[in-house]
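Next come two complexes built around subunit A: one with subunit B, the other with subunit C.
Presenting the complex of A and B:
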């Protein structure tokens, strides 16, 4: 039996009862990682993982992560383990320190077996732009469908059955979108809930630590480990951390859920809509009150351009440290200016440079009012509109995407409502810092797709409760590609 | 043509906090390059800034000393540009909401008092230090991230002298507040000057020239006065002032051009998203001010209450270290005026002669106080005190220990002095007669003789008193 296809809870029980040892799990996981043909890995921790599991502290045995093989997206700093952000500019960079997320997981007994691929520096949503090329979707052995990004390698590693848990990051929808395409639970807690220290910044005000699980309960258990103030991250929250699992099976009777009409209406795919409507009935059957609610379509269409301006502007500044002077893949030159120009010209792909140009342009003093500051104002209007919904509702519920994993060469009409809204609206969760979770609700031609639940800041307990109730109703949990459910 | 100069100053002060502005690595000077550096200072990917509380307290204290309004919300911005000494590719600074704004400073010039308005005071971080060679550059990240406060004046200054006084006053404030060493020579206080001139009486401002590389207050004065004259000469000859950056050349004592100022760099400022706005409570601000170290002005008032005159006080207040030394010596309860005389007299001349600073002076101020007490009590003469002082510097010993070792204690015992005096007077009846006839200097002669016979140990005032009594008795 491939234990690595189980949930954290199931695996934990097997470890505790002695049916499987951490050593065996790590060995198996490394073996599967070596055989991975989806381009999920930047680095496999062959020696490090074996060494770590050998030195695993038995006192941690009660921890849910005790002896669990995990992967972390390669934009989280890991001490002594190469971390590239899937960009050539950081080829050969070996950090001197670990991200807080990596530290907390290690302290909980998790064994890092690899660093996973991403869209270069987390800027992208396709999983095709990392310096190692396209990462494939394990649900499609013919490699014709996208897995999505930017947390493509993490999504591929967990949906491919290599590990039961994977860390990602989510600036627009970088965990919640691949979760849709790979049949996973993808969870982005509130901005500030989890320390970002050691996460390579893409767009600081939108960046979230996020992660993939196979069940909602696992997501809650993971949050228990990762949540909480970190003095190294001034933006990490002082809001008290509760036990997120404790009440997860409570009834959702009377919980109020809003379905945003304009988002659903922008979707053309009937399979998605049918499954979504079916899932609404399940929520109602479980006692929730589900209403259709309107949000100004102009604001919904503005989410994507607003996101682009703000994220590119912050990205150009956040990545200005990558100049070849201090670390990374320096390309020499006759002067320090030449070193910087050569390093950055060679290190970044054209896509990244394009984002930097957009970002710089929107920050220039002659443009800032029309672009960057306007985008910030627009962000405020968008967040206010959703906050207004949250005044009356516990959660917002919508399809996570207008489709299951799209074909590699599919072309979107980038001015259509479907593209502007349904395909890109999830960034509202980043703009407001809202906790947001995607979970599978159906299949189309053998490919899974999901829906998304989002709640007001720091209300993860309610959000997880509703998601758990829905998951129980659909029965779609612990999906692993190629494994019959 | 007659001109008026319009001068504004931008002063950068390096704070001597324990740790850096946004990281926990130590602030230190004189260490090997790149030994006090953290991953934050070198901008390794994923590192994040955390605000140094003491730096905020310092900024509040200096703002208060400059009579500024203090913003109760601390917000930082990013100033974006590429340079080899800038690790992150941006500097975290306070562009839009400086912690201090709209203050003033009063200076004393040869033309009397003058109020100089101070526009803003903000916190930021230092860049790393560069050492350029002919074909390579070395970077020292020890300096990267050291907390700075930048103080920007309004263009209210009109001469080199005023600018020098202004900088002197800022230096005094930041050093007395324990915010900075304020040493221009070591770069812990740096000053950029903007100078323009306009026709006297005119409202039309001239073109601004910036002067950099000023490493002493004297140079600021010289450079500004030179620059004013240079600009006047250019205009008088029908020339035009270029908008440029100049530096002060110490050798020629002139300002020389560094570069023309072309279009200003666009720094693409935006709010630092890693530092959520910090709300300062009223109590926090008040505590920072209340617990603020004593400024030179307050010390001056205290010294005058002790009976010191303006001149002596000003010598004691020449820097914080000297004033601190004096204050510590006061704890000995010795006479303040006498202590002051010693500190600005013998102590200072020893320091000058040996070119050492008072903070490295070995003699404990309490011991100096003890010595002064011994003089007041008549246990040692002023002359002996000088020898004891020299020995204190040598051996670092307590003055009483030195006295008991060398037996230099003053003879204040009447029974020891009287026999000597009696013999002396017996041998000189004619001089006694002279004294009684009004020749006062006879007394001096007798005292001198007693001193001679006691190898200077006799207490001079007691000796003189005894001689007078004895002569009157005859």
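Presenting the complex of A and C:
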């Protein structure tokens, strides 16, 4: 039996009862990572993981992560383990400290078996732009369909059955979109809920720590480990942390859920809409009150351009330190300026350079009022519109994407409602810092697809309760590519 | 707003300490056309210029200051570990004055 296809809860029970040992799990996970043919890994922690599991403290046995092999996206610093952000500019970079997320997981007994690929520096949504090339979707052995990104390698590692848990980051939808394409639970808690110390910054006002699980209960258990103030991250929240698992099985009777009409209307795929409508009935059967609610379509169409301008502008500034001098893949030149230029020319792909130019252009004093500042103003209107919905509703529920994993060469009309709204609306969760979770609701031609639930800031308990109720109704949990469900 | 053309984009790239090849500039010009059209959608939104810019998801107010304790988060030799060319505890760069 491949134990690594189980949920955290199932695996924990097997470890505690002695039916499987952490040593065996780590050995098996490393072997599967070695055999991975989806380009999920930047680095496999062969020696480190074996050493780590040998020294595992038995006092941690009650922890849900005790002896569990995990992967972390390669934009989280990990002490003494190469961390590249899937960019050539950081080839050979070895962090001197670990991210808080990596530390908390280690303290909980998790064993890091690998660092995973991403769209270069997390700036992309396709899973095709990392310096090691395209990361493939384990659900599609023909490698024609995207897994999505930017947390592509983490999604591939868990949906491919290599690990039962994977860390990602989410600035626009970088965990919640690949979760849609890979049949996973993808959870982005509230902005500030989890420390970002040691996460390479992309767009500071939008960046969130997020992660993939196989069940909603696992997502809640994970939040119990990761949530909480960290003095090293000034933006980490002081809001008290509760037990997110305690009431997860409570009834959702009377919970009010809003379905945004304009988002659903922007989707043309009948299979998605049918499955979504079916899932609404399940929520109603479980006692929830589900209403159709309108949000100004102009604001919904503005989410994507607002996101692009703000994220590119912040990225331009955040990545100014990548010059090869203090760290990174330095390329020599005749002057220190030329060293920086050569390093950045050699280190960044065209896509990254384009994003930086867009960001820089938006910030020019002649342009800022019409681009960057206007995008920040529009962000306020967008967030206000969703906060207004949350005044009357516990959660917003919509399909997570207009399709299951799209084909690699699919082309979108960038002014269509399907592109601007259905394919990119999830970024509203980053703009408002709302906790947001994607979970599977159906299949099309053998490929999974999901829906998304989002709630007001710091209301993860309610959100997880509703998601858990929905997951139980659909029966679509613990999906692993290649395994019948 | 400044007109988006080849020289403006090259200038922006130079300020960012990298260069763009001709075909990269052409692709960027196309991308800008899309972005400008999308940004026009924002311009059509009523009241967009009447609200305050939002710089973070929500306001957070703290009523305390952290303890002012000294610490050594990074030793000099550690700080230099990832630099490629180090001499006498300093990073070596090409000479500025001959």
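Definition applied: the second predicted complex is superposed on the first by the 485 of 485 C-alpha atoms of A that agree within 3 Å, B and C clash if a C-alpha of one lies under 4 Å from a C-alpha of the other, contacts with A are read in each partner's own complex, and residues count from 1 in each chain.
Definition applied: a residue touches a chain if its C-beta (ideal position, glycine included) is under 8 Å from a C-beta of that chain, and two chains touch if they have at least 3 such contacts.
What you are looking at is a predicted structure, and each value in this text was computed from that prediction instead of being measured.
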Is A:353 touching the first partner subunit B, the second partner subunit C, both, or neither of them?
second
With both complexes superposed on chain A, which partner does A:323 reach: first (subunit B), second (subunit C), both or neither?
both
Looking at A:76 after the superposition, I want to know if it touches subunit B, subunit C, both of them or none. Which is it: first, second, both, neither?
first
After lining up the shared chain so the two structures overlap, which partner does A:205 touch, if you call subunit B first and subunit C second: first, second, both or neither?
both
Residues of subunit A touched, compared between subunit B and subunit C (which is higher)
C
With both complexes superposed on chain A, which partner does A:378 reach: first (subunit B), second (subunit C), both or neither?
second
Between subunit B (first) and subunit C (second), which, if any, makes contact with A:99: first, second, both or neither?
first
By the touch definition at the top of the document, which applies to A:336: first (subunit B), second (subunit C), both, or neither?
both
Classify the contacts of A:443 with the two partner chains as first (subunit B alone), second (subunit C alone), both, or neither.
neither
Looking at the overlay, does A:233 come into contact with subunit B only (first), subunit C only (second), both, or neither?
first
Go through subunit A and flag every residue that touches subunit B in one model and subunit C in the other.
93, 96, 205, 231, 235, 316, 323, 325-327, 336-337, 340, 360, 364
Which subunit A residues qualify as touching subunit C in the complex?
93-94, 96, 191-192, 205, 231, 235, 237-238, 296, 298-299, 301-302, 304-306, 308-309, 316, 323-328, 330, 332-341, 344-345, 348, 350, 353-354, 356-358, 360-361, 364, 366-367, 370-371, 373-381, 383, 414-415, 420, 430-434, 457
Touching residues (chain side subunit A, partner subunit B) in the complex
75-77, 83, 85, 90, 93, 95-97, 99, 196-201, 204-205, 231-235, 313-314, 316-317, 319-323, 325-327, 336-337, 340, 360, 363-365, 368, 372
Could you list, by residue number, the parts of subunit C that touch subunit A in their complex?
1-2, 4, 8-9, 12-13, 15-20, 24, 27-28, 31-32, 34-35, 37-39, 41-45, 47-49, 51-58, 60, 62, 66, 74, 78-79, 81-85, 91, 93-94, 96
Using the touch rule from the top, collect the residues of subunit B that touch subunit A in their complex.
39, 42-51, 78, 80, 82-84, 87-90, 137, 139, 266, 268-270, 273-276
